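So, here come the structures, one by one.
Below are two complexes that have chain A in common, paired first with chain B and then with chain C.
What follows is the complex of A and B.
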């Protein structure tokens, strides 16, 4: 008998049997003639599609196309010999991720399994070139960072310090990766590409959008009418504009409205697109935060006032931390959505990972191999999104404080 | 207006002679407040001396809490004067910051900051408002938690605590600013009977140390033991005030007598 353990009710778990499964099928899928027909048709379509997919995957899929084009997929037309501008960022990213992991939580068995699956799925495709030599030390450094963070966060004070270090690492990551792209002659932003472009654009947009979004949310909940109206108008305007329109505006029209200080009107397309993403995302962040702000009981502000905290102190120390925590799931959703939507840079002719994937299908030697490439691209995006979503739920638990330190 | 004018009333409103023990910590002169068209406070005149423990009681809707919240300007009054520790409560922000530093408040529902530990809840205001060093704030927090009887909970989060423990932390948090006056808005109404006893004992100790306290409560047994004076509020007016002996044994007003009969 097949058994499956599911959490249920107070007693923790209960055993699910095949009888339960049969009852579920009978009552949900086959409870009337019409439903039976629909269920059968759907099952047939689903079965056919998955049969085709898995037989393709096992029998005829050939990921040579990904291996041959991995450089294009990862960094686009980034000039040969300039990779040193990117590897340190990967190192830094690995260290930042694993240090934070160590400072806030623990790598569980499930996470280890996920790492293993990731390795089995992706590494064979990526391995075998100069990059392999770089990946190994990156992995070692990241692991060291994890254990160092674990070791230093044994005491409560050390934990706080480790978390501050983690914040510092993340804070430095994007500026330093930009510096690396620009120093020593730099690389023309028009040549930035692949998944690296997706990462640069979306993280740049997050960093711009978060403070702006917070200001907008505060504006919209403010008691000062002009601020409230202004923020509301901005938010509703942005939410009503399709992103491709925004991007096209940034591409073709933005330069006409920017002042001419220090060549600001000639700022590169990648930056303009990032700004457009930030302006767009800020409106959604503001709406996510507004919910979190409204959920804070009035008593919190009153308690802060009664203790003599000023309005600003109460906002920064009492209200905002709770609002961000309350809206963390929604915020994480916005950030994940932003990363997904960064594929829209195709609208303005930039070569992100998806466009790189499309370019490979025009190579004669890999004709008809777009399925493999798209599967790979989808996998990379899915893993990133899944990782971010796990991260946000971890962070939520860490920030709630509850239960974790019960004496 | 049925309020007796206390004999200690100063001749001028600006009187700030702190050396005299009879100097009122709080002076209210004909305080009115409206919520839209609803007349909540209808001319409250009362003096509260430094070191005095005053219990405010009355039926629900009698604006007890509103009155209390006017004393640290969580609510603004519309006419009349409120002078706390010699500072007139009006639209000058400087006044407000000074008053709130000297007036602590304890709420019915505690309002601890859920994202901070007990320690941080207590040390936050002394550090950012009082500008005292972290180490000193920390010593103060440990000392205060000792005093309210829960030193072992210092690194817990509010969500890990029971209601009674939360209210103890809230009292410690208010005391950490070393206030001259403590306002307590139904401090035991959200608690179970055992916690109520604990909190009331704590407040009794506090009253004995000479802290000026204004307490809105329905705990009449406690009021009888601890209060120097009781104010009976109804529909935004002070119907009667007096010592516990006067109020409980010989209430002057029919309304006071009936209310006490109901709740005792």
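What follows is the complex of A and C.
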């Protein structure tokens, strides 16, 4: 007998009986002849698909391709002995995500289940036990960060401080990961690869795209005609252009537009691709911010100028912080999308995680193992996107709660 | 220097400065583009020097001009876009309606599908569909088939299709006339029904005219269309509608991916129709299907058309990922032209313009019906 929590119980819990199960099935699956037919068909399809999937998983799937190529998938052809440039970023990323989560919300049950299934079941099966154990310290540190942020944000003041710390973590993380790549001789950008390249390209693009996007959004809502027209044309041009075309432009033709200071026009492809991503994403960030800017009441600016703030001061101190806060969910969506679209670098021949995965099945012993390795790649991106989107929805809820308290 | 304190003067000065900055940037970019070839497209008339695979309606060879190769690429982009939009709309509507279904299993499965796809990068999805699904299909001699009608193999996919003979044009004209006639009859009878209050059966009349036009026209013009069923040959299929593995894999990935977004749009639009509308329709004695068709869907359609147009444009743009599976679409052919002519900037300007026109066309096709909706709403009110 399992006890499950049922909403109808007086004390909140009671024993689940077969009658309950029957009622559950009747109201949800078999409440009309049409629904009965639909349910039976769907059950048959679902059963067939699960049988096919699990028989493949148990009988013919072989995840050796992931285990043997773990390094290639994670960092590509990154030189041996240079990993110290990478581990701090991985640890920092986990800590920043979980600290932010603790500072703004809490891990919901569904997210916890997803994380647990991924970390305890999926990773060990696919990447092997030793590969999972390598990630264990990072996971423990991230969990500790989460509980520390939860504990320190019991009081309202502590919460604000924790949120500031979270902001600082994110602000430090992106530049420091780039600095780590470049100090002490650095590593040739041509050797950056794997999922690490996805992280580097997308975070580098965020750093460039955010300020540029803010400028574009301000330009588009500006009262100066030239700025308005210029920003609008730029934004609409980028929004109408397919990303692969933009990436190919960076590959083959960006040098025509870069000024020739100190060999800037022949800068490495990774940087050019990052610039292209930044130029492209800035237009979408501007659009996301424009919504936030338009939502700010006129009275805010009027009150600022009544207090004697100059136009620039009221923009930087009053308008922009609120606009960024209003459009944080949309911005988070853009950043998640940017991370996923960074797999498009395949178009210009960089070896990101997806391209590395395609390369593994050209090794003779792993010929025909595309399903296994691509499933793994897909799951890694899926879990990252899922976690970040849950984080952003917690953020959204926390921010809307703050707004309603003040009102 | 008192005039500098004048608000209007300062404003005009700032205006001039911003115009100067924007103009300088524009001129810089234009000058650089001009120096790198600009709009000089003369090289497009030279021999292409490369073949374009996977052509269906065109037959361009390496001896033709680059313009012809570009055209062949454009046709492939149009092909994948049209098929992709159609398929993603069909699947997306189904999934979107299933998400609102009273059937628990259908709603949960649809929800799971949408969540699965929305957190997955499109390139991973495309590569998976191509290398792990389509290329892993059986060899052509051992093709998988559906009831002997459609065949799937790693070399090619073949579906039943119509093959047309001489009278097809005449039949098409008759069908078109039937559609126009049905539309006119529906309008006249519906107006009479509204004016006189007597039932005039506009839908039945329209359907009757349509059936007569299609079936009657088919017989009169000498049965110009017959089913063309594919057959398995030794090395290839014969007959039917054949698709290359690249096209089929890309089509599968693009349409299943976009279907999840279409489903969210459809669900949101249907949910945006107030509950009271449906309850009122039920109180008037309309059946659930009638409630959906006559009350909910017309209102939901008006809400969902603009975002659906954006989604369709997205599909057109995303189809340029074709290069990942080596499908020769517009962007792939454009890249090849850049490589063998060295003229990057002109080709980019050309591609940008082409995608803009494509996006514009999609917007007109999708938002075109919306004008009718708002117009007919205004007329009734």
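Following the convention adopted for this analysis, the second predicted complex is superposed on the first by the 280 of 407 C-alpha atoms of A that agree within 3 Å, B and C clash if a C-alpha of one lies under 4 Å from a C-alpha of the other, contacts with A are read in each partner's own complex, and residues count from 1 in each chain.
Throughout what follows, a residue touches a chain if its C-beta (ideal position, glycine included) is under 8 Å from a C-beta of that chain, and two chains touch if they have at least 3 such contacts.
Just so it is clear, the structure is predicted and the values come from calculations on it, not from any experiment.
After superposition on the shared chain, chain A has more residues touched by C, the comparison being chain B against chain C. Contacts of A:317 after superposition: chain B is touched, whereas chain C is not reached. By the touch criterion defined above, A:244 lies against chain C but remains apart from chain B after alignment on the C-alpha atoms of chain A. Once the two complexes are overlaid on the shared chain, A:252 sits against chain C while remaining clear of chain B.
Applying the stated contact rule after C-alpha superposition, one finds that A:297 touches chain B and leaves chain C untouched. Contact with chain C, but none with chain B, is seen for A:43 once the two complexes are overlaid on the shared chain. In the superposition on chain A, A:340 contacts chain C only, with no contact to chain B. By the document's definition of touching, of the two partners only chain B reaches A:307; chain C does not. Residue ranges on chain A touching chain B, taken from their complex, read 156, 297, 299-300, 302-310, 313, 317-318, 321-322, 325, 399-403, 405-407.
Within the complex, the chain B residues that touch chain A are 72, 74, 97, 100-101, 103-105, 107, 109, 111-115, 117, 124-125, 128-130, 152-153, 155-157, 159-160, 173-174, 177. Those residues of chain C that touch chain A in the shared complex are 14-15, 18-19, 21-23, 25-26, 29, 32-33, 35-36, 101-106, 109, 115-116, 119-125, 127-128, 131-132, 135-136, 317-321, 323-324, 331, 334-335, 338, 344-345, 348, 351-352, 355-356, 359. Listing the residues of chain A that touch chain C in their complex gives 28-29, 31, 35, 38-39, 42-43, 46, 224-227, 229-230, 237, 240-245, 248-249, 252-253, 256-257, 340-341, 343-344, 346-347, 354, 357-358, 361, 368, 370-371, 374-375, 377-378, 381-382, 385-386, 389.
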